[in-house]
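What follows is a pair of complexes built around chain A, which joins chain B in one and chain C in the other.
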Partner chain A sequence: MFVEYTWLVPLIPLLCFVIVGFLGKKTPEGGGYIAITGAALSCVISALVAYEFFTSAAYHDPGFVTDQVVWFSLPGGYTLHFGYYIDSLACLMMLFASFISTLIFVYSKGYMHEQGVKKRRYYAEVSLFLTGMLGLAVSSNFMEMFVFWEIMGLCSYLLIGFWSFNHPEGDDAADNAASAAKKAFLVTRLGDVSLMAGLFVLLYTFGNLDYVGIFNPHALALADPNMIILASLLIFGGVIGKSAQFPLLDWLPDAMAGPTTVSALIHAATMVKAGVYLVARCYPLFTQDPAIMLFVALIGGITAFFAATMALNNMNIKRVLAYSTLSQLGYMFLALGAGGYLMALGFKNGDHHLVIAGAAGYTAGCLHMANHAFFKALLFLGSGSVIHAVGTEDMRLMGGLRKKMKITSAAMLLGSLSIAGFPFFSGFWSKELILETVMHAGDYGTEGYLFSILWVLGIVTAFMTAFYMFRMWYMTFGGKPRHASEHCHGESPASMTAPLLILSIFAVGFGFTILFGFDSLISIGADSTHNLVVGGGEAKGFEYFTDIFESIYTYVTVALVLIAISIAYVMYNKRAFDPAKFSGEGKSVLYTALTKRWWFPQLYNQIGWKLGYGVARGVDFVDRQIIDGTVNGLSAAVAGGGEILSKGQDGDVRSYTGVVIAGIVALFIVVLAIFWYMGGI
Partner chain B sequence: MIPIEAFLIFAAILFAIGAYGVLVKSNTIVVLMCIELMLNAANINFIVFSAFTTDVVGQVFVIMTITVAAAEVAVGIAILLNAYKTKGTIEADGLASMRW
Partner chain C sequence: MFYNLPFEVPYLLTLLLVVPLVGAILTLSMGGKREKYAKYVAGLFSGITAVLSVLLIFTEDVGVYDESYTWIETIGLKMSYILQVDGLSILMVFLTGLLVFMVTLFSSKESDKPNYFFALILAMEVGLMGVYMSADYFLFYIMWEVTLIPMYFMISWYGGPRRHYAAIKFFIYTHVASLVMLIGIFALVFQAASGGVADFSFAAVLAGSFSESFQALVFLLLFFGFAVKMPAVPFHTWLPDAHTEAPTAGSVLLAGVMLKMGSYGIIRVCLEATPDGAAHWQVLMIVVGLLAIVYGAYACIAQKDLKKMVAFSSISHMGMVMLGIACLSEIGVEWAIFQMFAHGLITAILFMVCGMAGHNIGTREIPLLGGIAGKMPVFAGFMMFGFMASLGLPSLIGFWAEFGIIFSFYEYGAANGMIWVILFCLLSLLLTAGYYLWAMQRTLFGRLTTKIDLSHIHDVNRPEAIAMGAICALIVLFGFWPDAVLGFIEPYVQGLTSSGVI
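Moving on, here comes the complex of A and B:
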């Protein structure tokens, strides 16, 4: 009875957007309470829908509930629908997106308190943002998904540029919010074009865009395999843009120009998670060929590694977190890719064990996505609390805040332990499962050795993650107070610390759900009709516990994490030796490479200028010289010809008569000549 | 019997005189008269062919042409009268204001 009302989940934030947008000025807190209530209502309805779905018969067979109405028809027999598609994955997305958004909105009440009339704009936009994410999660087909996907792109642009008027100096995306917003919009747009092309290929191949129509074994078996590969790669191109993966990863650090709450929203609950969701959603499609999944895993692994390196020496508290998001998203794609690779190989060779092993990767990726949502929301909100208190984002000016901000520092510590993968914190479980799956994938197939390389990248990334997170924590909260900390006016208000406490609980404990049936809810497997559906798997429960702790590699990772934390402690808390010695006073090549973000911004600018400007110049030339030239030339010829011919019109009747008679005579002569030529009259 | 060529040559000479007059005369009254000459040259051709082929359609055409010519002269002289009132001349050289 609740599942039929799933459409309320995205509709309520949309209504909030309209109400706050039009009436926000007349309501207290610029419509903040309306936005909070809307998000909370969505969360409650999501929970009811999820509860009903998991207890219904449909959960076991066929594994989803869907209903849709005709949206519009296209010539050629294509019909596009609008509706909902509820399965375990959609439930998971709805739940954590609406829950975390509610907490972020509550937090915003304190954080955005001094924004005055701009609060109306803020709350309207974040409500629309939430609509985009929830709509995406419950969409029943690719077209509807794409609409919500674009709504999120728009909202990210609006919110990243929220403070555009406060930072007028500089034209670079790094120090100008308007440029950062533009960069985010344009870079993700590149991916969106690819996604749209993918949808066209899907529509051409399958004749519809419905999940039920595409993700069924008959349709997939009938479709042209090359078209499936093409569509998958194009769709993954959209994911690369949205989830900021290599090589489109550079917009996300610049997106830090927006308010911290928006960063939390983008990184934890919405936007970048949409890409992970889409890959998880398209598993039946992507597993048609191991090469697609190998590509997904490679992109994920490379992003995880590169993003982690860039976080190592960054001085901005929010940017460190931004890079860690990139890195963790890379882990998710690595997990989904490795799992999908095993699964695709399993389908190809008819090996059922590989399919089950692949499902573990899927579970790991989704668990990491949910875990990451909690601890990254916690970390961003914590950093927002710090920024709110000290008034700067530069960690060199912080330090020693542990005593002044007890709740924030404790919450951030829990979040850092979780993301670093400290044993028994939630990040630990998902990270170990991911690395285990990647290790496993290395043993199969001809390209398996690539996964072994990715595994090495994965544990190096785990080491770096622990290091930079604790570097951040010690620089902010440990050591002696520096310039900005001395002016700190103590802990943030309760509306900001309460969400931190709630998120701390989830950041610590959500990983344990893997021991209590998370893997049965969020797994993927073929049902009786060989249909790949999410959910309904067997729960391994505490077997994971033994699995993880019997493996020698777990201890390797844990040891690396502990070493990284100790190094960070010695370097940044005790200050036993100066970090500057490592970097050659900030002049070594590696240090420069990292601060210059491996020259990605330059690369973008070069491509943007050289390629974009070149193309623009070419187009300009064609437009001005060839098209305009043709038109102008024609008109000049007509005008000039008229000018010349008009000279003959001298107003003298007799010359006109002369021309007429001369014409007649000439005609007569021509006719005669023709008759003579033809041989007589 | 007078051969048909004689009539045709006579009509052609008449037409040529008319055309010459239109081309060289500057007095528009004379030009109008020359146009009448050309019309009548055509009429003679009609009559001649009608007589030589015993087909009366040609003679019917001549009557129509004379009617049209009468109307044309009436309109033409009215135009010249007005031109004289406004311009003070009926010389073709003086009536050249409708040019580009």
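Moving on, here comes the complex of A and C:
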């Protein structure tokens, strides 16, 4: 009885967008309460839908509930639908997206309080953002998904550019925000165009874009395998853009120009998670060939490593968190890729054990996505609380805030421990599972050795993560107070600290769900016909506990994490030695490469400038000088030519006769030519 | 179609011609002291026309409004006054009625000889309605030329600093092209003549039989005439000049409905009358379409004048229409017509916004602007909406058109084993997003400009907001409900298929 009302989940935030957008000025807090209520209602309805779905018979067979109406059809038998598709994955997405968004909206009440008339725009846009994410989660087909996907792209553009005019910190910051917003939209647009091309391939190959129509073993078996690979890679191109993976990763750090709450929303609940969701959703498609999944895993592993290096020496508290998001997203794709690789190999070789082993990667990826949503929301909101109190984002000006901001510092500590993978915190469980799957994938297939390399990258990344997170924590909260800390006006208001406390609980504890049946809800299993179904798996429960702690590699990772934390402690809390000595006073090549973000921005600018503006200038020249020049030249020639010809009217009959005869001959030739061309009439 | 009116309006199609004509004459007479009432007269008559065009789309069977009278009948020649609408023209008639009314509303501030200004708008409406409704080549051609004259005066009286150059260029360029088209029409009519009578009606020409090589030749003549109007690269240079110099109302009508005369003609004449010619020159049409798409998009990036940029974007988007038609498939033609309608709505917003930049801020030069969003929030909202709609944001009408056309082109590519050809279209999608966002960054956002005097700028006034808001609402409505438009197009395109045109 609730599942039929799934459409309310995205619709309520949409209504909030309309109401706040048109009437927000007249309501208190610029419509803030309306947005909060809407998000909370969506969360409640999601919970009811999820509860009903998990207790229904459909959960076990066929594993989803779907209903759709015809949207419109194209000639040639292509029909596009509009509807909902509820399975465990959709439930997970809408639950954590709406729950975290509600908390972020509550937090915004305190954080955005001083923004005056801009609040209306803020609450309208975040409501639309939430619509995009929830609509994406419950969509029943690729077309509908793409619509919400792009709505999210629009909202990220609007929100990153929230301060792109009348910036409270002056004109330079406004310019920066405008440029960051444009970059975010264009880079993700590059991915979106690729995704759209993927949809063309799918629509042409399958005749529809419905999940039930495409993720169907019969349809998949009939389709041209090359087209499936092409479509999968193009769709993954869209994911690379949206989830900011290598090489399109550079927009996300710039996106920090928006308000901190927006960063929390983009990084934790919406936007970048859409890419992970899409890969998880397309598992039946992507597992048709191991090469696709290998590609996913490679991109993920490389991004995880690269992004982590750039966080090592950054001085901006939000940028460090942005890089950590990229890195953690890389982990998710690594997990999904490794699991899918095993699964695809299993299908290819008819080995059911590999299929089951692959499912572990799927579960690990999704668990990490949920865990990350909680601890990253916590970390961003915590950093927002710090920025709100000290008025700067530069960590060199902070320090010693532990005593002045007790709740924030404790919450941030819990978040940092979780993301670093400290034993028993939520990040620990998912990260260990991911590394285990990657290790496992290294033993199979001809390209398996690549996974062994990825595993090494993975544990090095884990080391770096622990280091930069605690570097951040110690620079902000530990040590002695520095310039900005002295002006700190104490702990933030309750509307900001309450969400921090709630998120802390989840950041610490959500990982334990893996021991209590998370893997049965969010798993992927295949029957003999290779029909992949999300959910309904068997819970391994405490077996995970023994699995993890019997493995020698777990201790290796934990040891690395502990070493990294202690190095950070010695360097940034005790200040026993100066970090500048490592970097040659910030002049070494490696240090420069990291601060220049491996020269990615320059590369983007060069390519964009040359291929865009450079060619455009050429086209403009051709247009003005050659094409329009010819037109103007012709008209001048006609005018001038008339003058010359008028001199030919000399009144001499003989010269007139000559012209007439010449004209008749010319006409005759033209007519003959036409007859010749047409083969006679 | 979705709601069938319980009554019929007698002579509805003739009324659609006569009401604006009477309106034009009455408005013209409101000179001197009565000047300030000219806009009310024009608003009344364009409003009535708009209501009539709405009544038309709520008619289940538009065939009841067909009108046919013999007009000129001499030895061997027969010209008739035939008006009829079908799935192709009904949308254009609605668009004309709507945009003319909105433009009248939008331009209500016009104070320089408003009686002439509004009379020209209404005169243009007569010509446009006539082009879309006539089913006789003679009437069609006359109406085609009728649209030229008011537009010429609109540009040369009310235009910008280079208005005389732009007006004469517009007039000569498109007039020469339509003469070439006229030769094509004569060839069709006289070839189809039977019983010694050359009947100019569409039906008589369709009944004639033409050899393939004849069709191929005549197609080229007609295609040239229509392609210049669309406009197709490299015969497009009249358009940016005409747009830059024309007043806002002229630009909206020029881009919104006048360019569609070109694509309308290609479907109505080139495709229906010379289908074999179209098949023969399919590759040419595809090349012309792709060239316009990519060339137009690149040219936009280099523009410094907002209005010129939007003019080039029209070239790029009309290239999409050309491409859709060139696929010669049911999907392609259907979505090309959809794009004609979508582009008409979107481009109206775009030119209104650019016109406002000129009026309310004082300049349209992008390098002189910056940070305007803080001073003119409503203006910024409309501008962003228009740009987003034009770059094909899903859930707005423009996206579906692009999706359908590129998919039809993908089908064409797949059938010929070269799906990579859609890369050109994908590149243009990216470039389109690029130039619009870059333009917004430089005009609306960033630091507030200090290069111009900002003391006189003012935000959108009420009539402007109503006109633009109404069009925006339609863009959203059809974006969520494309079937409302497709419902008209589908039967027409099915008719083309069953008569073997595509």
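As a convention for this text, the second predicted complex is superposed on the first by the 600 of 681 C-alpha atoms of A that agree within 3 Å, B and C clash if a C-alpha of one lies under 4 Å from a C-alpha of the other, contacts with A are read in each partner's own complex, and residues count from 1 in each chain.
By definition in this document, contacts are C-beta pairs under 8 Å (C-beta built on N, C-alpha and C of every residue); 3 or more make two chains touch, one makes a residue touch a chain.
Predicted, not measured: the structure shown is a model, and the values here were computed from it.
By the document's definition of touching, of the two partners only chain C reaches A:72; chain B does not. Of the two partners chain B and chain C, more residues of chain A are touched by C. When the two structures are aligned on the shared chain, A:650 is found in touch with chain B, with no touch to chain C.
Once chain A of one complex is fitted onto chain A of the other, the partner contacts of A:661 are limited to chain B, with no touch recorded for chain C. In the superposed pair of complexes, A:150 makes contact with chain C only, with no contact to chain B.
Touching of chain A by both chain B and chain C, each in its own complex, is seen for no residue at all. Contact residues on chain B toward chain A in their complex (touch as defined above): 19, 22-24, 26, 28, 31, 92-93, 95-100.
Residue ranges of chain C in contact with chain A, taken from their complex: 169, 172-173, 211, 213-214, 217, 233-234, 236-238, 295, 298-303, 329-331, 334, 371-374, 388, 393-395, 399, 403-404, 406-407, 410-411, 414, 419, 422, 426, 429-431, 433-434, 437-438, 440-441, 444-448, 482-483, 486, 490, 493-494, 497.
Of all residues in chain A, those touching chain C in their complex are 71-72, 74-76, 146-147, 149-151, 154, 157, 161, 164-166, 171-172, 174-175, 177-179, 181-182, 185-186, 189-190, 193-194, 196-197, 200-201, 203-204, 608, 612-613, 615-617, 619-620, 623, 627-628, 631, 635, 674, 677-679, 681. By the touch criterion stated above, chain A contacts chain B in their complex at residues 646-647, 649-654, 657-658, 661.
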